[in-house]
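Chains here go by letter, A, B, C and D, matching the order in which they are written, and residues are numbered from 1 within each.
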Amino acid sequence: MQLETRMQNERVVIAVKEERLDAHNSNELKERILRTLEEGGRRLVVDLSAVKFIDSSGLGALLSGYKNANQRSGSFILSGLQPRVRSMFELTRLNRVFEIYPGLEEALSGQGVG
Amino acid sequence: MQLETRMQNERVVIAVKEERLDAHNSNELKERILRTLEEGGRRLVVDLSAVKFIDSSGLGALLSGYKNANQRSGSFILSGLQPRVRSMFELTRLNRVFEIYPGLEEALSGQGVG
Amino acid sequence: MSVDIVVPNQTRYLRLIGNIAEQIAKELETSCYDQDTLAYHLNLVLTEAVANAIEYGDAKSPNHNVKVCLSIHDKDLRISVYDHGQGFDITSVPAPDLDKLEERGRGIFFIRNLMDTVAYHRSEGGNVLEMHKSLG
Amino acid sequence: MSVDIVVPNQTRYLRLIGNIAEQIAKELETSCYDQDTLAYHLNLVLTEAVANAIEYGDAKSPNHNVKVCLSIHDKDLRISVYDHGQGFDITSVPAPDLDKLEERGRGIFFIRNLMDTVAYHRSEGGNVLEMHKSLG
């Protein structure tokens, strides 16, 4: 799975460089997020701008990240959701749970974060 | 089938606005070329830059245009072949038959034409 | 029109199955549905159903196959996904509590939401998830 | 892995079949082949074979179907295209004279060029074009 992790504006940005986030690769994303938290990362941004398709396991991996970041008093935000990906968050009402920014730039300059 | 016909630099440009030129639509291209010739068009350019896939019937439609233009002492040139489309011309050696320009601009300013 | 697909029970084939579903959606004439939305929905329904067939269907035999049948006749779309596992009672799977932040349990929810009818029963020495949607 | 497709014998389905072939090509592990080139070639072979099955296969019954079977096992790709026409002797189809500017007659040429073996014979109350290619 293509995942890019980098520091930017004192956040750890994990950019998912895959068109699909599904049961084939979502576990790898979940592990990467966990490892980032274990290594001390506290302000996480997951950039989904390349993702055209997400399934229930992809949503699950993001929820896992969200919960684990909260447990550690970290922040966990999402950016760059394409419209159809966003509609899956809406169908499951997860758009009310996650802090979601249109693009990475907004996410990095976001107020009230972490 | 999406075909755009327009006059440009005293040529008739027929732009194929389809990703596939196959047995489903090649006859329509063939008819359009014939009609253009019947209506007096003599210097034809077929722009294939949007075409990602061509089959034997697509090649046949272009050959029909080539032969009919020649019969009427007209010119018939092709532009904008994508690499894989071009390789079908090579496999059938039709690249030696057709006058082919990389892009429409070159085709319109081409020397020794019509 | 119908398309039958048999792939090894490995998640790497989810993409192929989902993509084929999208290609089929592109050819469907629908009045009440945006074509790209329908493509996403069919992709999702198949991805969820096949992921379950892989996860719950006989993990002991890693070389087992998963079979998917898609058919469209007169605006009736039917999808069947076969597995060789223990099976389950789909009617007893509750709708997920969307306010609880469970990591799992949204697959059947998506399928029920996006298809008109969903049933699961024994078939061909295994089980089949049968789904139907009218594109009318 | 295998994919079977049944579509009405209408050329508008060539695109679907060609696109499915491209999706399958994307999943194949090939050492000796560029993936996009393989995708184009499979698309072309299927487009040509199915176009022939539609054109020469029982035009009298406009509601007839065309069946295509694709399978890959151990780097062996097999494609079968069924038709319900009069049939023909493929061994007597000559290679086209590429210097003559015939509008037709390049379909079988492409198929022979891009596949390792090609055969055509009676089958299932009709005919089948069987093609094979090693992706090894």
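Everything below uses one rule, namely that a contact is a pair of C-beta atoms (placed from the backbone, for glycine too) under 8 Å apart; a residue touches a chain by one contact, two chains touch by 3 or more.
Remember, predicted model here, so these are calculated numbers, not experimental data.
Between subunit A and subunit B, the least number of touching-chain steps is 3. In terms of the distance between Cα centroids, subunit D is separated most widely from A.
Separating the centre of subunit A from that of subunit D, both taken as means of CA atoms, is a distance of 44 Å.
We define each chain's centre as the mean of its Cα atoms; on that basis subunit A and subunit C are separated by 26 Å.
Centre-to-centre, using mean CA coordinates, subunit C is 29 Å away from subunit D. Counting partner chains per residue, subunit D shows two or more touched chains at residues 12, 15. The multi-chain contact residues of subunit A, meaning those touching 2 or more other chains, do not exist; every residue touches at most one other chain. Of all possible chain pairs, the ones that touch are A-C, B-D, C-D. For subunit A in complex with subunit C, the residues that touch the partner chain are 20, 22-24, 53, 55-57, 59-61, 63-64, 66-67, 84, 88, 91-93, 97.
Those residues of subunit D lying in contact with subunit C across their complex are 1-8, 12-13, 15-16, 19-20, 23-24, 26-27. The part of subunit C that touches subunit A in the complex is made up of residues 11-12, 14-15, 18, 36-37, 40, 43-44, 47-48, 51, 54-55, 98-99, 101-107, 109-110, 113.
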